[in-house]
Structure formats: structure tokens, C-alpha cells
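Mind having a look at this structure? Questions to follow.
We just call them A, B, C, D, E and F in the order they show up, numbering each chain from 1.
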Amino acid sequence: MDHCSSLGKTALLIAMAEENETEDYVSSAREKGFEVVTGKVGSMDVQKVIAAVETAAKRASLIDNNYRSQHALYHAILDALQGLGRGPLQLGNVLRTVGLRFAVVKGPRTLEDLSDLWIAVSMYGMIGAPIKGHEHEVCGLGINHL
Amino acid sequence: MDHCSSLGKTALLIAMAEENETEDYVSSAREKGFEVVTGKVGSMDVQKVIAAVETAAKRASLIDNNYRSQHALYHAILDALQGLGRGPLQLGNVLRTVGLRFAVVKGPRTLEDLSDLWIAVSMYGMIGAPIKGHEHEVCGLGINHL
Amino acid sequence: MDHCSSLGKTALLIAMAEENETEDYVSSAREKGFEVVTGKVGSMDVQKVIAAVETAAKRASLIDNNYRSQHALYHAILDALQGLGRGPLQLGNVLRTVGLRFAVVKGPRTLEDLSDLWIAVSMYGMIGAPIKGHEHEVCGLGINHL
Amino acid sequence: MDHCSSLGKTALLIAMAEENETEDYVSSAREKGFEVVTGKVGSMDVQKVIAAVETAAKRASLIDNNYRSQHALYHAILDALQGLGRGPLQLGNVLRTVGLRFAVVKGPRTLEDLSDLWIAVSMYGMIGAPIKGHEHEVCGLGINHL
Amino acid sequence: MDHCSSLGKTALLIAMAEENETEDYVSSAREKGFEVVTGKVGSMDVQKVIAAVETAAKRASLIDNNYRSQHALYHAILDALQGLGRGPLQLGNVLRTVGLRFAVVKGPRTLEDLSDLWIAVSMYGMIGAPIKGHEHEVCGLGINHL
Amino acid sequence: MDHCSSLGKTALLIAMAEENETEDYVSSAREKGFEVVTGKVGSMDVQKVIAAVETAAKRASLIDNNYRSQHALYHAILDALQGLGRGPLQLGNVLRTVGLRFAVVKGPRTLEDLSDLWIAVSMYGMIGAPIKGHEHEVCGLGINHL
């Protein structure tokens, strides 16, 4: 994590971090100048996943009340969800459920050009049938300009 | 990487590793019992990305000449490409190009149940316009049973 | 509107007309021989948008009880919804809502060939988060043979 | 049916069989070594169609409690549903309903190579508006390796 | 085939018929009043599959030079292709190829209501990698009003 | 056009304007403070449509060399193309061609809030088979934050 200087990889590594590493990863990213929020959500409803990420980002002030920044975040979320859904953007409707950690990271695409401002949404976790253990890993990344 | 015991995260971390870390990550995964191959591809043609991953996996004997294992790999690749394309599975056709590192990892979904056999395809890199620097990060993960 | 002689543009201009222009636009289209119905719908449910357009078209007798004409209308509606959804045909499921005016116009593709019979569905309005003002314009057009 | 030696066609012919032929078709397929289950489902909910097929296949022991076989079946079902949905994997959400017969067949892709093990899901029936008679035929086939 | 009275099933059974049965199936369908054409196509290009079906239907006069009937046929073909592609409407672009028999059948949805005129396109064959034997069965059905 | 104060409708009306009206519509929009460029493109290649719009917008300085503004434009174009494609983002690949007028408009979503900066891409024209007259109208609108 120490030498990671790009927005998307930072977001992915935080979402994929073990429980006890998360705080270190977030601190490391913040020290480099990235704004970061992370959270968890489990649901069969796509809209609940979207709402969980939006709420976390708003509370952490990564986006403001301006519609433009919320529009940027929303489409980054939809893009991340494409990696999860791999076709239909549906969960319970096609009888599957997810348990995810997500991260939202705001900053330049790379630390080499600090004038650039983007937002990344990463999701990592399990997708599967609503039966314990009947699931496999899944990952999504969405990046949008702010 | 040391404590990573799941198939998909192993694949993702290898594809996302810095150039000089890759060998260590691959060795670490192999010591745990995962079969691994990694490679690079840059193209505007989706079929070239698919072919690069298939060729690498065949050369490294992760899949054999049996159609069933190739069918498993093919659909894991298509799933990973959904995370890349986030909608249309098209690159040059919609005027964009990718530069990727990928990993194919074969093994159990988690080291806690060694009787289980799956295949994971991860891709990480840049997607963008065919103009230098006009690109952002992208990531895909596909997992299928063998 | 006066010199508009094509089915789709007629439908689009009516859906996009200001409140106080609508009646004039509809009259002008009818004088040229087009059958027209227009309406409004706001919803987070795609099926309510579909039902609103179908009900309006049935009440105005643009389609009859014959399944063939209803099949034509249904697929023109789905096509118009693609312009709205721009990917997933979902609204509330992906945490967004629409407020629309729509028009259904029946007639030849162009007034230059009156023997030809088609149906056009246009939709114009706002799509966005369920937060006041957090929305932007959206437009869809679907055309099918009768 | 007598000379049919392939997995997918066997599944399709059973799903398309007339009520009074079904038993003969199933028996004929079983004699050749295919494992078969068939059933009916009518719904506006995609997840109910998926659940009906999964339940039938589990009861008939075509798949076991192992997640790998259920993953194979699930994706064969999703593939069959693509032929039904022809775009969106949605039914009631886009105001349409289905009445289907389905078959799940397990065996080699063709009787000429008995060492090969796959699963086929076929669906045949009517799709349409929730109005009697306002519907047309629809068919889907999904095939996956086991 | 003898007791088959519906448009879609007629089209499916003809496309799925063994080589030596095809003529009988076509004759039987024609005697009942359906207009039928059948053909074969193998390609990695979706547009060649579309063109093969369109050309066959035009030569057999199932559709005339009128754009409306060609529009009906085109969308029935696209719908059948959805069952083949099961997601992306792509073949060579995603490194796969098809070998198909197809049928186009024109007539009422069912012989019980002869006043109704629709068109069905069925496709049945193999899809797979461009390697001999690395393929499985695939099926598509599209139905549209005329 | 005179009383049109919103970004998307301005873009749509310009793309839909008759040849001899276009200049007036563009001038009227510019007087209100919108930046506007318009053009024409006919092609079976989606990437040529994208390139035509991007080139026009760059030449007219609606976007600069900064990747962020080009990313905004690119996704507005893809969104507009969804209204055109109504499912697959393909033209020649599914044997169809388009002849379009397009407009790119930069400005606030509505003249009532001038601090807000967005970009709209509208497309209007004909889509159809590569046969003269075998085509119908089509429309797309994409809107993105800048």
C-alpha cells in the first residue's frame, strides 16, 4: 500500500484489506492526500448498495450537496456495480445476494498530477445464492471525473 | 499477500502488483497451492484480450485440451471483461483501448476447503481514448467452477 | 412544428413542448393526418411508465384490442425507455426516478408516403436521484411498424 | 426424439413436448443415459422462474448440495433466461409475464462421448402482457459444464 | 410435428430437424398454411448471420420489398440472436463462432386464429471457440408481428 | 426555441432543426450563453460517430485538452448512442447504418442557475438497413457534468 500512488488501486486495496488492516490502509491513503471513506453493505437490493455508498460519501464530505458531485459519484457506483453484476444490474431479482466492503476515494488519478480531481468507487466481497457458503468473490471499480 | 487465502483476491493482488513485486506474489500464491499464470496485453480488440489470457493459461497448463476447462476459463474471462467494459463488451468499436495486466489462478475458492476447484481471472490496468494520458484505471474479476 | 412532416420528430416535439404549446402542437399534427395522444407520468417504477403510455394510447384508440397493435406499441415503448435508461431498464431499482411527458403518434413515417403505417413513442423529462433538483434532462424515442 | 443424441436438443424437445408426450420423451432420454427433470412455472418474477428450476433440479438430484454444481445450474438458467428476455432480464418490471415448461438435462454434450458432463436448461412457453391471449411463444436454452 | 399448430414451435422444430427430416417438416408446415424457408449459416460475423436469414426470407418471398415487413423480420432476427449471444450480440469480437440452421415461418401465432399474421425466426446449432469440437448447442427464437 | 432555457432541449432542438433553421437555433442558444457546436455524420461504424462528435467539440473549443472534459464528453456521447442503439451499441456489426445530425451544448442545466456546468450531446436522424428508404427516425440524448 505504501508505494501505491493511483486512485483506483488505492480504492481497491482498501476494499480488499483484511478487517485489521483497513485503518492502516485508510491512514496511508489520507497521508498521501486522498480523501477516503470505507464501509460495508450486504443486500439483495441494488438500490441499498447504492444508498450505502452514497450515504457514506456524503457523511465523510467526499461529495457536497451540489448535484454535479453526486452525479459523478452515482455513475462511479453504477460502473462498479457492472463488475459485480457482470451483465444484469440485478441481485434479488435474479435470486442472488451480495456482502461487500466498499471504498470511495477522491483525489487525482495519480499523485504525479495533483491538479486533477476524480472519484473512485471500489467494491469487493461475495456474491451468491441466498444459502450460506454458496457464493464466490466479486469485485467492481468505477472511476469518474469530478 | 502473505495472509491472503482466497482465490479471487489472490488473482486481483497479482494483477495489481507492481512490476517488481509480481514474482514474489506469484511464488507466494503457488506455495499455498494455487496454480497461477500472469501476463500483459494492450489492445483495442476484445478478442485479443481474450486470446492473450487463454494462451497464457494453456501454456501454463492451468487448463488442458478438454473443452470443459476451456469453457470455464472463457466465461471467467467474459465476466472479468464486464468489469472492464461496464456495459458494452467493446473497445475499439466504441473508440477506447486498454493496457492490462492479468492473472489466472486455479484452486479452491478458499484454502479452508481444498476439495473445491475453481478458476479466477483478474484484469487490472488502464482504459481510455487512443491518446496518451487520456485514460483511467479499470479492473475486472471473473470466477467460475472447474 | 408547422413544417414537420415526419412521425418521430412530431412525437418528440410534442413531448418537448412547453405546457401552453402542447395543444397547438397536437392540433397541428392531427391536421396533417397523424393520430396523437400525449400524457405525463412520474415514477420510480418502469412498469408504471409503460402502463401510463399504454393506457393513454388505448383510451385515445391509437391501438385497438388486437394483440398485434399492442405488441407494436409495447416494443416502441421499450425502445424509448432505452434512451431513458441508457443501459439498465431500471429506475427505482438503481435508485433513480423520472418525471416525463410522452407522446404516442400513429401514421406514416413521413407525409410523403401515406400508405405506410407506424407508431412512435417519445418521452422527454427529468431523471435523477429522489432529491429535489438532483436531476437532468432525458429523452427517448421508439418507432415500430404497425 | 428417438434418434436425438445431444444434450441441448433433448432438453428443448422435452420442454416443447405436448402434455401427453412429455413422459415418453423423458423416458426415452433417460434410457439413453441422460438425467432429466421437467416442470412448469408461470410468473412475473424472474427469481420465481429461477427458483422453480433450481428446486426441481435439486429434488431430482441432478445437482447435489455442492456449490459448484449449483453454480453451473444457476448460470445455465441465466443463459436460458436471456433467450426469454431478449435484452432485459426482467418480467413484471417491464410489465410482462411468462408461462413456461422447462427441462433440466444432465449428461454428455452428445452420446458419442460419454466421459463429458454438462447441464442443459431449456424453457419454452408464452410471454406477454398480463392480458389473456396477448402473448407469443418464447424459448431459451442454457448449457454449462459440470 | 404433425400436431404442431403454433408458429414458434413450428420454426424451432424445423431448425432442429435432422438433415433428412427437414423436407418433411417444411412440407407439413406448409400444408397447414404456414409459409416457410430454412437455411444454414456458419460465421464469426453477426451481420453475416443476419444477412443469411434476410436473403433466404426475401428469396422465398416471405417478406416483400416493403420496409415494414423487413423491419419486422430484422427485429425477429435480433431477438433470436439474443438467445444465441446470451448477453453480448457478438461472435468473433468475443472470439466465438456459430454454425446454425435457421427457419423463418410466417403465419398466424396459432392455427386457431387464421386472421393473425406474425413472423418467427428460429436458430439452432453450435457455438464455441474456433477450435473443432470446442462448442456446445445454442438456440434462439424471435417472434414479431407483421 | 426562443423560450427554451434548458441544456438538453436546446441540444435536441438544434439536432432536429431543418437545414435552414439550424443557424438561427445555434445563434439563439449562443445569445443565451450556451456554447454550441453542430455537425453531421453518416456511418456503419460506431467509432466514427463518436470521433465525429469529439472532433467537432474539440475544434469548437467546447472541451479542452484536459482529459476530464474529454471523459465527460465521451460518456455523454455513449449515453446518446444508447438512445440510438436501443440495446446493442452496434451498427454495421448488426447490419444497420445511421445518418445523423448532432449537437454538443455546454452550459448550465438551466439558465436559472448559471453557476452549474454540464455538457449535452444530442443526435437525431435515420437508422436502418443499408438499403435506400429502409430506415426510420432515431434520437439520443446524453448529459454529463463537467
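We adopt the following convention: contacts are C-beta pairs under 8 Å (C-beta built on N, C-alpha and C of every residue); 3 or more make two chains touch, one makes a residue touch a chain.
The structure displayed is predicted, hence computed values, not measured ones.
The set of chains in contact with chain B as well as chain E comprises D, F. Of all the chains, the one whose CA centre sits at the greatest distance from that of chain A is E.
The chain pair from C-F, B-E or C-E that repeats the A-D interface, sharing more than half of its contact pairs by residue number, is B-E.
To fit its Cα atoms onto chain E, chain A must turn through 180 degrees, a value rounded to the nearest 5.
Note: the chain lying farthest from chain F is D, by mean C-alpha position.
Copies chain C and chain F of the same chain sequence form an interface built mainly from equivalent positions, shared numbers / all numbers used being over half. Per-chain CA centroids place chain D at a distance of 20 Å from chain E.
Centre-to-centre spacing of chain B and chain C amounts to 44 Å, using the average Cα coordinate of each chain.
For the pair chain A and chain C, the distance between C-alpha centroids works out to 36 Å.
Looking at chain C, residues 67, 71, 78, 87-88, 90, 93, 118, 136 sit in touch with two or more other chains. Taken pairwise by the contact criterion, the protein chains fit none of the simple patterns, being neither a path, a ring, a star nor fully connected. Of all possible chain pairings, those that touch are A-B, A-C, A-D, A-F, B-D, B-E, B-F, C-D, C-E, C-F, D-E, E-F. Contact residues on chain B toward chain A in their complex (touch as defined above): 3, 6-9, 12-13, 16, 18, 78-79, 82-83, 85-87, 109, 118, 120, 122, 124, 136-143. Every residue of chain A that touches chain F in the complex is listed here, in rising order: 67-68, 71-72, 75, 116-118, 144-146. The touching residues of chain F, when paired with chain B in their complex, are 45-47, 50-51, 54, 67, 70-71, 74, 78, 81, 88-90, 93. Residues of chain C that touch chain A in their complex: 87-88, 90, 92-96, 128-129, 131, 133-136.
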